[in-house]
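Each of the next two complexes has subunit A plus one more chain, namely subunit B in the first and subunit C in the second.
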Partner chain A sequence: MEFAAYFGEVFTVPAMLLLIGGTIGGLILGATPGLSPTMAVALLIPFTFQLEAVHGLILLGAAYTSTVAGGAVSAILLKIPGAPANIATTLDGHEMARRGQGARALQLAFLASLVGGLIGVALLIFLTPVLAEWALAFGPSQLFWLAILGVTIIGSLGTSSVVKGLLSGCIGLWLATVGFDDILGVQRFVFHSSLSGGISIVPALIGLFAIPQVIAMFADGRRMSSIEAISVERHPLSRAVRELLSRVRAVVIGTVSGSIIGLIPGIGGQIAGLVAYDQARKVSPERDKFGTGHPEGIIAAESANNAMVGPSLVPLLTLSIPGSPTAAVLLGGLLIHGIFPGTDLFDNHPHVAWPFINSMLIGQILMCVFGLYIASLAARVALVPKSIMAPIVLGLAVFGSYSVQHSMGDVYVMAALGIMMYFLERFGFSAAPLVLGLILGPIAESNFIQGSLIAEATVGPFAYFFGGALNLLLVAIVVASVGYSLYAELRARRTAVAGGDAP
Partner chain B sequence: MTALQPSLACGIILLVAIWVCWISFSQAPAEAFLFPRLISVAFVALAGWTFARVLLDPRVAEGGITWTLVKNILPGVVVAGVYVFFAAKWLGFYTSSAIAFIVILSLYDPAPHDQVRAWLKRVAVTAGYLAVMYLLFSIVLKVFIPRGLFI
Partner chain C sequence: MKHVIAGLALVLAAVAGTVEADEYPDRPIMLMVSYGAGGATDFQARIVTMTAGNEDALGVPIAIINKPGAGGRVGWNWFATEAEADGYTLAAYNIPHFIAQSIKGGVEYSKDSFEPIANWGADPAVFIVGTESPFNSMADVVAWAGENPGKLTFSGAGLFVGHHIAALQIEKAAGVTMQYVPTKGGGAAAMKAVIAGDVMAGINNLSDAYRAREAGNIKILAVADIQRNEEFLPDVPTMMEEGLDVDNSSVNFRGIMVPKGTPDAIIDKLASIVPEMFMNSRVLGKMAAGGSPVHVMDREEVLAMWEERDAYLRELLKDL
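Entry: the complex of A and B
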């Protein structure tokens, strides 16, 4: 119960102000279509430099929690999911709003998010120290395989094409080697002076997640937006609470599905809502009503989305493997404050780790409270035209990248990576595995070099990297995740071809 | 859409992969390039596989860029590129940001350009944006912002 000792640190004035600011900002950013939670957290990282590590992480954690829930606002009132995670919420949420039940839909969404989120963070609190202790058994070879596992699992399970996902991961691993070699001090792949110090994580994160979205906003040209927010009527909160309690089955399905999916590294929250929605529909006696404005659809999807948030941080905080792309950005936030996940985090920085985790518990409650009251405002902000949103995000990306090291080189790298990522995305490549490669590359390389030195002096490279139960287990998971994803992709392609559709 | 564009994109990635592999295996000292060698082999294999699949089976080709898309994004990308790579350092961050903001806003704002009201709105939004950026970065975060010819 070590976490309880650090609760007081969340209830200080600066921590609470950051928590409230992060929650309100996250709700509004999450509700804004085109601004993903990952991008929102990446853009926030430069603002944490001036803060103490614990306060910076509290701000990022609050933004992560509330952007996921905020996406429900635009899903319900605008029929545009604020993030891919909210796709399932759109199906029933918008139908309810169209029938004049927008407030009821929003209340159910935020209450379900609260229940799912609290249980998810509770899992984070109880599982993280256990896994962190277990991670102590890991040597260089296991840490190397873990880093490779992180890249391959997000590359294979988290993307539409396994090969392109893995290729994106390889590009990230290569980009991580740019700059000076840590051991011999040799320059590698430095073809411009901006790259002599290597690629900084924060400008890269901002470029890879923000710039493609800026260019995507340009893609609509001067088109007038025809979207209108549905106005919200009054609805007693107590009735929504009673309704949620009467639909416990949907809450349980959503929370369990979200928690399990969050724990699996790489999959992230994008599918949690859809999986929970599908499961809730299958077991519901009113399954025919799903898609026509059924409350259980919203409850299952939103409880799953927020239940995923806490568990997605378990592999991140213990093994450095992010459970979702947003968690990968949070890893970048940890590293720039000089904090490394694993036992180091809990042994040497408990005053950072526990207040951060505890703040997510408080953040879930604040998310629900503010979400219920500012949903209408958030929906109106979400209607800010793309012609205004694009230069705002561009400006934040430039100023944010520069503020990391006061270097124009970082700004150039951010822009170049962003433009490259936009075109890669146009051809089916994904930013998440590339970012994972970039973040986990140095961990993989340093452990590979250390392992190679130990292997040379002892049993040889093959026996060292492939010997022992833990190494074999990790290699087996890498092979199984890639193999299963390849099989699933081939099967889907065959089905599409047999059905006469172009794949 | 033909498979030409995906083939070209995958071909460029394959060329980059081969270049990375060549550098990794030809540069000394070998110890410094041990890890790049390891990943460059996987990089070339995956890039080669992707390129071969797109070339041999055009049905797997996905994505692409249309002329309409190019026409829509090009003005914004050019303005953003000039802002980031040249104007920010030369003119100063705040001046160049204001110019970039109002130019991008004017390019993509659906309101007609001959309306005084539309221009007043654009100027007001730009001024508000600059004020917020100044408040955030210079006053709150105290980031040293480089000055060029202006600020």
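Entry: the complex of A and C
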């Protein structure tokens, strides 16, 4: 219980001011499309030059925590995931917002984030040494199988047809190959100089999710003379708390998947939300409601992406290995004050390490409080007429893609993908599996190539990729995941045929 | 957002009255870093430019813009073709990376596309193994690799970067073949592969390896430089001391450059002020704290170094 002794250093005036400022700022940055947690933390690094080490870290930790949660706001209200972590939140969250239940969706998102986040940081506090070994157990072969596991959920994600889901996923996997390959040193599909770096994930996210909507809004605006009347339901907080408590299963699945995935260096939190969403749907008796505005979808996704925050710092704090881009930026924040993370961090710098971790606990609570406060106000976004909303979203989309690396090339990529997605959506394809393919492609490919290089020099490919308990366990889960999807598909078809109303 | 911050900085600078309107520089300067936020180059660039706004330095702040991708090629392509040569757009260079890339082709720059201003750091490559490894010297490594051709796996951050050059030099000097495993995601991923035992050894940056050794995660067998690093690793021998003819060609030099075509008056002014700025005591303190070796070189020295590297790398990469 060593950590409890250091709470006093969090409850000082400068620390609390930074914590509150970082949280509110982080929520706003997180809610802005294009400003991912990594970017928010990087933007704050120069400010920490002037601060004491512990204060600088408190600011960065608060910003990390709250940008991840803040991304839910634009995911739910605008259907633009602020970062890859929030993709799964759009699936049900935006459906709820469209029905005027934005406040309910946001409240559930922030409450679920709080639960997941607190448990994630608690894992960081109590189990760090154990977890560090687990994080190192994932080498190229294990990461490859993990990425394949991600690919198996593509087919069932956010679309009614497995075939169309898989096709969307394949488009994503193909898009992921564009650009210069660092490992083999070759260029692929570089038709224009702005593609030489590949397709960056944030502009792609914005384009694929926001642009089809903008086009649809403009089209509707011309067709419909009267403004669509949505009433925004008020939603008391106590009901949201009760609802969360009644859906413990989704919270548990979200938190557990988020914590495990957050730990693994190289996968980071990008897929935590999607994996949790998929698992929650598979075990839910109401699985048909997923994708139509089902609260469990939001709860699983948001508890997962905040649960990942704490464990994602384990490899950084114990081994000095940043497991995610955001952790890499935090490492810079530590080094600038001469603090080298490592196994003895907590012995050498307890006055920095513990207050930092404690502040993340307090930060989770502050994030939830401020988040809930803005939830009821933000939900009124649904009242804005489409003719006004469309240009605002378009502006945010351009701003968001440009700001990632001050590049017009990213804006072109965003626009091109967006227009492509508009037509794909009209034929029943959806953006979520496409993005998942885009995220998983490089992970699967680079780990397969690295694994092959190592395997050729050592034990041979078969023994390398199928050797060891963890590899076999992952392969078994992959097989089970595919088998379950096939079983569910067959059962659904049989029911449909028996019911006599096959589509 | 960065624009907002740059704008705020501009307002602050104007309020402080430090701007002389008729003289360069009269507005904030941008420094393009062709690697992601949080990487070693980005981190060091932020430190060495933090005093740019001081009266005795440039008097205007320098804002960092990241254009990562394709091992730096995206940023440097942009810098060679689109950046304005007006002195307000600077970039960080990494040697041997951009020269090796230009020799291998497929990019729109060469060493003649840029004008160096000054060098701030030199991060040598080091040869590392996990703490449990049976290898305790380069002789052990070479002996094992000689008996098991192509079976010794070692990691490094990508192709045609300092780590890869060091790997090629070691293989050539020792007359052995080993399996180089490039990683995606820079030195951190290559380091993780060594600590986790995914590979048997690795090449990494001196600064990162120093920290990892402090944390008790790795052993450092040799440094690929002419001299030992007295500041951080006085006990680690050079490759030459270990009997391998490997010089300092893989040392990762970092510094500031401008596009070709920038007016000479501006280049001269930057070249006289920037090395002084790197020697600021606050900068040196932060660099030392972060374990980043400082090596300040003026424009003439950098020009000579670029020339020398270009000639050597053409020779080394000829048969690849």
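To be clear about the criterion, the second predicted complex is superposed on the first by the 267 of 503 C-alpha atoms of A that agree within 3 Å, B and C clash if a C-alpha of one lies under 4 Å from a C-alpha of the other, contacts with A are read in each partner's own complex, and residues count from 1 in each chain.
Keep in mind that, in the parts below, a residue touches a chain if its C-beta (ideal position, glycine included) is under 8 Å from a C-beta of that chain, and two chains touch if they have at least 3 such contacts.
All figures in this text were calculated on a predicted structure; none of them were measured in a lab.
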Have a look at where A:Phe126 lands relative to subunit B and subunit C in the superposition and call it first, second, both or neither. neither
Of the two partner chains, subunit B (first) and subunit C (second), which one does A:Arg426 touch, if any: first, second, both, or neither? first
Just checking: does A:Ser193 make contact with subunit B only, subunit C only, both, or neither of them? Give me first, second, both or neither. second
Go through the superposed model and pick first if A:Ile336 touches only subunit B, second if only subunit C, both, or neither. second
Please work out whether A:Lys386 is in contact with subunit B alone, subunit C alone, both, or neither, and reply first, second, both or neither. first
Return first, second, both or neither, reflecting whether A:Ile183 touches subunit B, subunit C, both chains, or no partner chain. both
Once the shared chain is lined up, is A:His406 touching subunit B (first), subunit C (second), both, or neither of them? both
Is A:Pro140 touching the first partner subunit B, the second partner subunit C, both, or neither of them? second
On the A-aligned overlay, A:Phe11 touches which partner chain: subunit B = first, subunit C = second, or both, or neither? neither
Which residues of subunit A are in contact with subunit B in one complex and with subunit C in the other? 46, 49, 183-184, 403, 406
Would you mind writing out the residues of subunit C in touch with subunit A in their complex? 1-3, 5, 36-39, 42-43, 46-47, 50, 65-71, 73-74, 77-78, 81, 104, 106, 108, 150-153, 158-160, 179, 181-185, 188-189, 191-193, 195-199, 211-212, 214-217, 286, 289-291
Considering the complex alone, what residue numbers of subunit A touch subunit B? 46-47, 49-50, 161, 163-164, 166-167, 170-171, 173-174, 177, 181, 183-184, 186, 188-189, 214-215, 217-224, 385-388, 390-392, 394-395, 398-399, 402-403, 406, 408, 411-412, 415, 419, 423-428, 444-445, 448-449, 452, 493, 497, 502-503
Please name which positions on subunit A make contact with subunit C in the complex. 29, 35, 38-39, 42-43, 45-46, 49, 136-140, 179-180, 182-185, 187, 193, 196-198, 200, 265-266, 315, 319-322, 325, 328-332, 335-338, 340-344, 403, 405-407, 442, 446, 450, 453-454, 456-458
Help me check something: in the complex, which residues belonging to subunit B touch subunit A? 5-6, 9-10, 13, 17, 20, 23, 27, 29, 31-36, 38-40, 42-43, 46-47, 49-50, 53, 59-60, 62-65, 68-69, 71-73, 75-77, 80-81, 83-85, 88-89, 93, 97, 100-101, 104-105, 107-110, 125, 129, 133, 136-137, 140-146
